[in-house]
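One structure coming up, written as structure tokens, with questions to follow.
Chain IDs A, B, C, D and E follow the sequence of writing; residue 1 opens each chain.
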Amino acid sequence: MNSKLQPIYRSYQQANKAVLNSAADKSGLPPGTLIHIGEKHESKSKISVTQYNADALITHEIDSIAELKHLKKTGVITWVNVDGLNDIHIVESIGQELNIHPLVLEDILSTHQRPKLEEYESFLYMVIKGIEFDQERNISVDYEQISILLLVDYVITFKEKSDNTFDPIYYYLQNNNSRLRQFGSDYLAYVILDTIVDEYFVVEDNLDEIIDPLEENILFNPTKEMLQSLQRIRRNLISMKRNISPLRELLATILRSDNPLFQEKTLRYYGDVYDHILRVTDSLESYRERISAMHDIYLSSASNKLNETMKILTIFASIFIPLTFIAGVYGMNFEYMPELKWRWGYPMIWVIFITTSVGLLFFFKKKKWI
Amino acid sequence: MNSKLQPIYRSYQQANKAVLNSAADKSGLPPGTLIHIGEKHESKSKISVTQYNADALITHEIDSIAELKHLKKTGVITWVNVDGLNDIHIVESIGQELNIHPLVLEDILSTHQRPKLEEYESFLYMVIKGIEFDQERNISVDYEQISILLLVDYVITFKEKSDNTFDPIYYYLQNNNSRLRQFGSDYLAYVILDTIVDEYFVVEDNLDEIIDPLEENILFNPTKEMLQSLQRIRRNLISMKRNISPLRELLATILRSDNPLFQEKTLRYYGDVYDHILRVTDSLESYRERISAMHDIYLSSASNKLNETMKILTIFASIFIPLTFIAGVYGMNFEYMPELKWRWGYPMIWVIFITTSVGLLFFFKKKKWI
Amino acid sequence: MNSKLQPIYRSYQQANKAVLNSAADKSGLPPGTLIHIGEKHESKSKISVTQYNADALITHEIDSIAELKHLKKTGVITWVNVDGLNDIHIVESIGQELNIHPLVLEDILSTHQRPKLEEYESFLYMVIKGIEFDQERNISVDYEQISILLLVDYVITFKEKSDNTFDPIYYYLQNNNSRLRQFGSDYLAYVILDTIVDEYFVVEDNLDEIIDPLEENILFNPTKEMLQSLQRIRRNLISMKRNISPLRELLATILRSDNPLFQEKTLRYYGDVYDHILRVTDSLESYRERISAMHDIYLSSASNKLNETMKILTIFASIFIPLTFIAGVYGMNFEYMPELKWRWGYPMIWVIFITTSVGLLFFFKKKKWI
Amino acid sequence: MNSKLQPIYRSYQQANKAVLNSAADKSGLPPGTLIHIGEKHESKSKISVTQYNADALITHEIDSIAELKHLKKTGVITWVNVDGLNDIHIVESIGQELNIHPLVLEDILSTHQRPKLEEYESFLYMVIKGIEFDQERNISVDYEQISILLLVDYVITFKEKSDNTFDPIYYYLQNNNSRLRQFGSDYLAYVILDTIVDEYFVVEDNLDEIIDPLEENILFNPTKEMLQSLQRIRRNLISMKRNISPLRELLATILRSDNPLFQEKTLRYYGDVYDHILRVTDSLESYRERISAMHDIYLSSASNKLNETMKILTIFASIFIPLTFIAGVYGMNFEYMPELKWRWGYPMIWVIFITTSVGLLFFFKKKKWI
Amino acid sequence: MNSKLQPIYRSYQQANKAVLNSAADKSGLPPGTLIHIGEKHESKSKISVTQYNADALITHEIDSIAELKHLKKTGVITWVNVDGLNDIHIVESIGQELNIHPLVLEDILSTHQRPKLEEYESFLYMVIKGIEFDQERNISVDYEQISILLLVDYVITFKEKSDNTFDPIYYYLQNNNSRLRQFGSDYLAYVILDTIVDEYFVVEDNLDEIIDPLEENILFNPTKEMLQSLQRIRRNLISMKRNISPLRELLATILRSDNPLFQEKTLRYYGDVYDHILRVTDSLESYRERISAMHDIYLSSASNKLNETMKILTIFASIFIPLTFIAGVYGMNFEYMPELKWRWGYPMIWVIFITTSVGLLFFFKKKKWI
């Protein structure tokens, strides 16, 4: 990646600045321009270096990649985690340090990647999406792109945000006897993958907690708010599918892979993650079908309600409209209306009123409306 | 599996306890922590050991796995069945005894598994879902995870609940001349699979008994309760599909397998189970299509009913509203209304009433509404 | 198949008797129990034996399989057809005579099989569904399971019912010069398959005769009866698909097969049946799409009709309700209502009536309602 | 094909005559009976023979296949085109002359074939459907089965009808320098295929001309006639898909084929036809999706219209019904109704009328109905 | 391609002229006739020649292909870009110059191609669609066919229109140190592909800007205009899918290809374009699902609105119709109506009015309508 390139295109780039936060950010830029694309998270990038073997575990927080050189050791696994992608130079210098292909550096910085796996001569590059249920906003899922570079004895991870996704791994590392401390960098990469995928189940549980009561209530009390919830869940399922389902292929590729970076015994564990992904995608498909069924129920239920409303209107109107007509007849002012003079005219008219309405009530009773 | 691991994570685990019954239970726990995930069934775990060959059949009920060692014999098939997964130590000690991979032990205890088959060096691990139609609740299917470990001369099964799913197998075992008594452990595993799959047909029959009358009635008497039944069946079909369809692949893998645990002649029988699974999944697909068709019918039928309600209202309103108007006209109190003084005014107005209403009735007759 | 097995399970079996006609009949029975599962057809089983070569053709009707032994000859093709599956012993003795695998015997008797092909060492087993349009019931298709055993010089067929499906074959056999008389048992099996598949086209023609007029009428005169027809056709299409589509794979397997039972030159003919099956399944798919389109049309058409009903109501109500109000005003009994005393009050009110109604009629005209 | 066979089955055949025009025509006939199945086109069959090489081009119209023998020449490509399938003997004698498999002859005569390709030892058989937009009937597509036999130096085509589908080929042949005149019979077969497939684009243009304006209008002026057009287009798309999509596989098979009948350089041209077919099937799929979208729009639009109708009714009824009630109150004849005697009673009542109606108009204004 | 061919068919061609702008333009023309099919863009064709290597960069604008010969040089990459396809001779002469297969020349001129890749002996032909969001028309996407011929040291591109799609490439070329200047013609072809694909993201962003607010508003304020937007987006998604999804296969073919035109190190970059295409097609699928969900919401929401309208009507009508009837009763003119004479008759009737309406209001309150 030649950084001399930048000045030349600056002007061109400026023109496109307005849309630089969207998926099309790099459109119009020559391929090979390193630039961070995606939502900008304010915090400064943080670099944590963890080195361990079966016997020891050391954690450093460093400020620049230059320090990383001094930390080179043999016989230990080094895990470098970068939180935040604002500082392009960190990615660039790690690229130079470890001889990473420029396309990979571009992909790390562009956070609209599809989960994927790329095998290079000396390293392996994975992109995967961390997801989190946003408790504050109404049914919303947040995504975070996590890039994993797996080398012999090295794992480098890049995260968009500085959150606590990796905390369980740090806990786990403290245990001297754990497999993690005894196995290689491929096992560390597995633990990272597994930790991210575990978050998917948490999100699914959150969805379950929303979908289950919705399913119970939608038939008997369909409201506009439920429709809104359905729409939101559906939107999230669509984006989750997009972000999760490519993982199936990613892991299938690892399982078929004969890359020497993966030891035979570790592949079993990747197989376990693969099973988890299958379960998650199965669930997503189930949710999709259930949401679609709920839409059908909603429509049928709304149709039912309309039917009932119309029945009430029809009963009221059909009974009173004829009666009103009869009353109207005897409200006419014709001079010669013999009935008006009859002694029993008025009581008789009440008999007619009552007979008519009872007759109509029977008619609606027979139609099972009341 | 190192059990020293537990204390260290206890606190971390405690924090997550609230959600420990859900699919995400292990999220936040390091991989390799043995813990029972899923609905807890109250009863104590029960271990039954059945040993047989062509000549003899012995059944023991033991309390701990330690006793199992004393039961080791050659020339017999040993079937260990564990009912209930509350007691983690049983699984752990069986794991140590038979040298089972820790991931398998985890999977046995986590009852949210997808049906799957895993081949290990010395054994084969299958997960399969037993299903049962819940007669008490309204259209509901219960699932039970059944794990099968197949070794040379050994079959270990783990069931979530202590029910009578395996009773037919115990009956069958009593017959000295049966194939079961003469064939190997692979045939026992087949009989177990076959028995579980047979339950699927029972559930389908139960569904048939609900769907068939529903299909007959939905066109002519669509009610809200039918809509509810449709919704429940649909939900169950979705979950059944999730729990059953992976079996297709599982059995296809067995049929293609050249694992020495399977004898050539037994594979024919597995082929038979495969056919059954195909039939079950075909049925599920048919049910799905029928339910979807019933939804369409429901909507069309509701739409029909609305049409009819509206026709009645329209007929009543369109006939009596003009008549009421006419009556209203002659109820006006203008001083100079010559018609009111006419000798035949009143009878004439009745002629107008009758002509108008008959005319409108003809109009609706022509429109085929009445 | 050990028939000693029966007594032991009798009691167990009895308990399950209530559901013995359903798909789950064998659930709870040990695998390997010979029992006829499916609708029982009353008639006694009938065994017809046809023996032929290029020169001769003999047909026997025999009572027991024992007689079959005396009929063994070389140089002839023997076709044994069994109509009716009530007599388990016939199947059992044929099994013993020709050394048929017990699983095949079970499948022959259980008439809920999926069409399939199984290759055994010395024979080949096919299950296929004969279908027939039930002229008496309203849009209903009957199924019959037909099992075909193909051996060298032998074809055994088992039919559920005693009907005239195979009559064209008997006709055809009478022709000395026909290919059927000159080719082997594989060609006979082809002719049987072809005859069964030809029946599918007859059923399709019957469906065509129902669907075509339905398609014409549903747009302009949608009735509840059409909805019912749609529902019935859809149900039958679902079951036909289930019973026919597996044949595609069955025949593809035959075409790829290098089983010595099939001669090279006969495979061409099986290819022809394969084409027929493709045509049938294409048609089924087309029907499905057409029925689904008709449902859409039905809903749209019902929606149209409702719109028209409501327009009539709205026109009537909107015109006469204001008029009635005006009439009501001048029916009030206030002492000081100057209009009532005007000489031209009454004619003027008629001018208002007519103007208002003409105005509203124009309004509805402009809206293109009338 | 043994023609002695016919007399024997005549009677049987007669019985089935009633349905002999349908897809099931051959059902009940022994396989191998040559009979023309499908719509009968009145015209006599016409045989055209075209012989050409780079230097010469001769066209004959012959009456019987016998004449064909005299036309045998080396160094020329002979193209025999048969228009009309009424005369079975033509097909039969061509079959004898060129040694064509009887199944192929049957397929040529039965015009309900699925497009397909069959490779025989010395020739290649293709069935393909010519289609034409029927300008006279309302949105209807006509199909014609065209059979192509490709041999070394020979191409035989059979068309159901005598139309001008092949005219462009005759034009093209007149050009001495054209590839057609210089290449072999495989190139002629390609030109025939290409000419037929080009007709598909014409039909698509005809559909485009109907669908595009429909799409524009359906949202704002949905009529019953549009619904009918939608239904017709959909029906035609279903049948076009059935008749065209198998061509994809047909051409893929040719492209993969190593049949010596195809020269390497000609295959490029078949690849071009393959691209065209892909384009046609893509278009059909697009049309299908657009029609389906238009149905959704239709329903939504009808729903909108109903909403508007109901709003008008509700506004009218809700405003005038209360007013009529008030007028009714003061039309009552109670002796003691003080308001009636008030000097300003009548004007006050108008104030009430106007206030009420203005209030309700505001209410509906606020609801954005008016 | 023999241009002598033209005069002969002129007359035939003339007859078909009317439809020459449509997809079926070539139907009826012999294969091998060079003719520009598709929308005609007015501007004259423009030929730009760019020659570069690591050291130098020269750009010419030439008038005829003849000039191209003089520009032949070794050691440089030559990129010829032709804007506009009106001038058939340009294509024809490039074809002769570089020995391009006539079918390719036809395809370049016919702008209804499906994106595809064809490998020839000495060159490689790609068709790809450039797309652009039409800012002026209402939700509309414009397509432009771009043909790419890749040879050793040569890239020829043909564009339908003269727009600024390739501007970023010209910028990029000016940078001496860029990979583009150092790599071969395969990298130039990659940059062209990448530039075109980048435009897809811009179109997607444009769609996002329309879909996102639509999704927010459709539930609460469904209007007819939204329905129109939905329909337009859907139509564009259908055409985008048609024009983009074949690229997936195209790039997969390149990635699997062992064509010597592609260097190993360049294939990585094509892999990057492949990822982009996957992202675009994923997005299109997501949009499709979202649009479909929005249609469901629209229908449900319209159904809700109807329900509410009907409730208002029913409340008004059901309350006032009975009251009007009562008022009508006491407006009758019977001589003997005792109530009319009662001192408290009139106040009592108001009590009845108020009680009735309050009762009905309670009834509707209980039904949760108000």
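Here is the rule we use: contacts are C-beta pairs under 8 Å (C-beta built on N, C-alpha and C of every residue); 3 or more make two chains touch, one makes a residue touch a chain.
Here the structure is a predicted model, which is why all the values come from computation and not from measurement.
Asks: Counting in whole Å, what is the centre-to-centre distance of chain A and chain E, each centre being its mean C-alpha position?
Replies: Chain centroid spacing, chain A to chain E, equals 26 Å.
Asks: So what's the Cα centroid distance for chain A and chain D, whole Å?
Replies: From the centre of chain A to the centre of chain D is 42 Å.
Asks: Could you pull out the residues of chain B that touch at least 2 other chains?
Replies: Those would be 299, 303, 306, 310, 313, 317, 321, 324, 328, 331-333, 337.
Asks: Take each protein chain as a node, join two nodes whenever their chains touch, and name the resulting shape: line, ring, star, complete or other.
Replies: Chain contacts: single closed ring, each chain with exactly two partners.
Asks: State the ordered list of ring chains, commencing at chain C and continuing via chain D.
Replies: Listed around the ring from chain C, going to chain D first: C, D, E, A, B.
Asks: Write out the stretch or stretches of chain C touching chain B in their complex.
Replies: That would be residues 2, 4-5, 8-9, 12, 19, 22-24, 26-32, 101, 103, 107, 112-114, 116, 118, 224, 227-228, 230-231, 234-235, 238-239, 242, 246, 295, 298-299, 302-303, 305-306, 309-310, 312-313, 316-317, 320-321, 323-324, 327-328, 330-333, 337, 339-343, 345-346, 349, 353 of chain C.
Asks: Which stretch or stretches of chain A touch chain B in the complex?
Replies: Interface residues on the chain A side: 168-169, 171-172, 174-175, 177-180, 190-191, 194, 198-199, 201-202, 204-205, 208, 215, 219-220, 268-269, 271-272, 275, 278-279, 282-283, 285-286, 289-290, 293, 296-297, 299-301, 303-304, 306-307, 310-311, 313-314, 317-318, 321-322, 324-325, 328-329, 331-337.
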